[in-house]
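So, here's a batch of structures to check.
Two complexes, one shared chain (subunit A), two partners (subunit B, subunit C).
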Partner chain A sequence: MARGNLIRYAIIGIAIVSAPLFLGEYFLFIASLTLVYTLASFGTNVLSGYTNLLSLAGATFFGCGAFGTAILMSKFSMPFLPAILITGLIVVALGLVVAIPTLRLEHVYLAIATLGYVFIFGELVKGSETLTGGSMGMGVPVVSLFGFRLNEVGLYYLNLAFVIVLLVAGVNLSHSRFGRAFFAVKNSEVAARSLGIPAPKIKVIAFAVQAFYCAISGGLYGLLVRFIDPSLFSIFISISFLSMVIIGGLGSVLGSILGAFFVIVTPQLLTYFGLTEIQRSVYGVAMILSLMFLPNGLVSLPEKLPWLRRLLGLSK
Partner chain B sequence: MTQMIISGIALGTIYGLVALGIVLVHKATGILNFAHGEMVMVTTFFALTLHNFGLPYWAVVTGTLAFAALFGLFIETTLVRRLIGAPLLTTALVCLGLFLILGDVAVWIWGKDPHMFPSAFSEKPISLGQVFLSPADIGPIIVCGMLALGLYLFFRFTKIGVAMQATIDNQTAARLMGIPVKRMFALSWMLATMVAAIAGLLIAPIIFLHFTFMQTILHFAFAAAVLGGINSLPGAMIGGIILGVVTNLVGIYFSSALKEAMPFLIMLGILVVRPEGLMSKRIEKKV
Partner chain C sequence: MGALQVIHLSKHFGGLKAIHSLSFNVEEGSVHALIGPNGAGKTTVLNCISRFYKADEGEILVHGKNILHWRDYEIFRAAVGRTFQNLEVFGDLTVFDNVLTARYRFMHASVIENMFRLPRARREERVNKQKVEEILILLGLDGVAHQRCGGLPYGQQRLVELARAMALEPRVLLLDEPAAGHNNEEVGQLGELINRIRHMLRASILLVEHNMSLVMAISDRITVMHNGQFLAEGSPREIETNPKVIEAYLGRGYNPISAGA
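Coming up: the complex of A and B.
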């Protein structure tokens, strides 16, 4: 069985790495977008899946990441890597402004306060026209890395590299002291506190992780779409990040990836069938159905359906 | 100045009215209804449809309230009833799902164009010495005041109101006293949706009726609810009025950008200083 698994993983790995060879321009774009969203999805999963907190600021951090990276690159002519990392840290600091006062309180308050973030973000971007281009938006410069200007294929590998590094870091985090503390806080905050786990601090860390992952995701998103404006980062994006986690699977890395895939591919399919109008309600219905009937998301589907388990060749 | 304070109070009572629906549902069922703004939007569009049939204003109001009650009942029985006792994450996400669905439904039925909506009050100003009062400002204040009084009397003196209050305070005890707890939940959703409908009828004449017209107001309403205390009905109203007046004054004396940020700043401020809000009692957490 172990050898079978090894072969399976090798095939998946080769397929992912060689994807640009056989995917056309359009499908490569979709694949890159899925990779970008996977980061936001995983970050949201750390907050909502591992620690059971609800934040609606995902879109704001995503948007700050996109605008911050673009501004540092174009207005301050900073190279890409420092630009995206510095942006990530700034966004974490912004997140802490709202996290520190609210995370001491009941979970309701984090959800409400972060809703406020989404609304003032749009106003702020529109207000500071010299930096962001206001509601008209701004272009994102082409990235050069080690002297090479990155084309679509280059961007795919760049996104892949970020996903691999950050997912490995994230998985390590979730197996560390902090990861166990996340789960302890999720199961019972009171019990966690009585064991000496500083629950508010742990929640702040989970929130910072989400802010950082969403910011990086946003920075990469900007590179991919080449043009950003405030309407791209509405409350709807925050909800779609949450829906990725719910549909894919709360508290699961594979779930984060499946969720991102669902959220990226569904609108493409709907557009193909001429049903663009119902995109939001498809997310809404999928969210509600999976909360009610599949609370552990798509990753738990093989457990429920024996035929699917056999098809995928999974034991148990 | 006086003028701005009065129009601030008028706006504030409307924020308070939206907040009232949110607080009512949160208090009764523990659910944070992010779809409340969309419920306002759908009921107001329904009112517009009735109006376009050529019905007189009182018939539009009656019909809309009846629709709102049924709509609230429908959502309660199909979705919310299954969620009683579920964690906040689940219930809030279901409401966010509902938020997306209602937005799309409104676009299918009523389209994406903004609509004018008739007002119950005339535009002609009444002068009181130096101050000119517009019935469009005073009207909402009077309606909200009457509604607040009505709700107070309902919760204080009617049998159903007292039963709802008991359910809100302690579900188990209420069940033991023979109160049909599930029916009380349904009732609180119906009541919240009817309050939403009234809020919509007051807001829509001020700004154009559009499928996204409640999104900014929802933000103000949540800020008002937190300011007054997320579990306090009078708090929602008072929080709304304070917010309305403060944002109006800030808009004049400082900048309009600061005005947009005001609800958020006030909310963060109150959470730092007095998290339970102005009107709520401090809640001790039971283990």
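Coming up: the complex of A and C.
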């Protein structure tokens, strides 16, 4: 069975790496988009799935990541890699600030309070016209890496590299004392505190992790679509991050990936097959059904379907 | 100086006096039991010590330091461990991970070190996992280490809670009804276990318990509470022959247990 699994993983790995060879331009773009959103999805999962904090500030971090990276590249002529990493760190600092006033709030109250940040930063970006282009938005420079300008294929591999590195880092984090502390705070704050786990600090860290992953996601998003405007600071973006996590599976890395895939790919496929008019309704129905029948998300699908379990070589 | 000193502790809930000017002293390395009828305020005392409740008056000193000015989780970082009357284990985690969660305060590697599994993070994980294995072996939980905690019998889940409290390496251990859900034979084993833990950790133990055979078997001193107030204190022998205690708690039909010891 181990050997069978190895073969399956190898096939999946080869498919992902060789995707640019058989995907057309349009589908390659969708694949890149899915990779980009996977990072935001995972970051949101750390906050909302692992730690159970419901925040709608995700779009703030995503938008700031996109604008920060674009501004550092175009206005400060910074190369892409330092630009996105410095932006990531700045947004982490922002995440810490966002987290502190929300520590006293829980559940839906926390969600509503964090909504405020989306509005504030949307207005800030609109107002700072010289830097951000205001409500007109701004173009994002083409990425050059080691002197090469990246085309669609290059961008796909760049995004893939970011996803692999940051998801491996995320898995490591979830298996560390912090991952266990996230889980403890989620399950019983009383028990967590009685084990010497500083719950307030853990919540702030979860916010910082979400901020970082969403910022990187936003930075990569800008490079992919080449144009960004203040509409990124929208609660619908925050909600789409949460949808990815809930549809994919709370507290699961694989769930973060599957959720991003579902939320990004389903509407695009429907458009592709000419179902533009009913796209949103079909998507809405799919979302309701998946929540009704898969409350633990798409990751729990193999548990429900024996044939899928066999196909994936999973034992029960 | 005692390991844990409670001095004139009072706690009111609205008009109800849950604890009224209670004082007692847990000697270093001893097992001190806190007993009394239901509603006497025993668990409230534990909750004040572990800072889940804010005491209205009085002082609580752990090794001479007044802990009432600290944040609640700092108490547990300052080497006070506790178990709960109502189980607070993480049902979805394995036994091993439940206990490993309690080793948080012994690890210092940062988020980034853990993300990239840098040497300090790896070393800390290894050392602390080793420690958890030792604790599980001591409590006889090594056989179920990788089972989901929520699927275990109640008695074993209580042991997991004890294991978790031990993993904090507390100098003062607060046990809230550890015998609940155990049968007679298991209670006997639990008594031995608590004694072994005391010697291994060199900890002082404050025990809240209704099971009198356990209390009498392992306690050095006993404080009796009644209606939130101090009723009596003494050795097990003194307590079970104290008329006030028999009247208020043990009942007239009570047969001394410690007499033979």
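Definition applied: the second predicted complex is superposed on the first by the 279 of 316 C-alpha atoms of A that agree within 3 Å, B and C clash if a C-alpha of one lies under 4 Å from a C-alpha of the other, contacts with A are read in each partner's own complex, and residues count from 1 in each chain.
The rule is simple: a contact is a pair of C-beta atoms (placed from the backbone, for glycine too) under 8 Å apart; a residue touches a chain by one contact, two chains touch by 3 or more.
Everything numeric in this text was worked out from a predicted model, so none of it was measured.
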item: Touched partner set for A:Val209, first subunit B, second subunit C, both or neither; value: second
item: Superposed model, subunit A: greater residue contact from subunit B or subunit C; value: B
item: Which of subunit B and subunit C A:Val190 touches, first, second, both or neither; value: both
item: First, second, both or neither for A:Pro198, with subunit B first and subunit C second; value: second
item: First (subunit B), second (subunit C), both or neither touched by A:Val225; value: neither
item: First, second, both or neither for A:Val265, with subunit B first and subunit C second; value: neither
item: Contacts of A:Arg177 with subunit B and subunit C, given as first, second, both or neither; value: second
item: Subunit B versus subunit C as contact partner of A:Leu81, first or second or both or neither; value: neither
item: First, second, both or neither for A:Pro101, with subunit B first and subunit C second; value: first
item: Residues of subunit A contacting subunit B in one complex and subunit C in the other; value: 190
item: Subunit A residues within the subunit B interface of the complex; value: 48, 52-54, 97-98, 101-102, 104-105, 107-109, 111-113, 115-117, 119-120, 123-124, 127, 190, 235-236, 239, 242-243, 246, 277-281, 283-285, 287-288, 291-292, 295
item: Partner subunit A, residues of subunit C touching it in the complex; value: 50, 52, 71-73, 76-77, 81-82, 84, 88-93, 97, 100-105, 107, 109, 111, 114-117, 121, 124-125, 164, 168
item: Sites on subunit B touched by subunit A in the complex; value: 26, 32, 34, 79, 82, 87-90, 92-94, 96-101, 103-105, 107-108, 215-216, 218-219, 222-223, 225-226, 230, 257, 260-261, 263-264, 267-268, 271-272, 275, 285, 287
item: Footprint of subunit C on subunit A - complex, ascending; value: 169-170, 172-173, 176-178, 180-181, 183-184, 187-188, 190-199, 205, 208-209
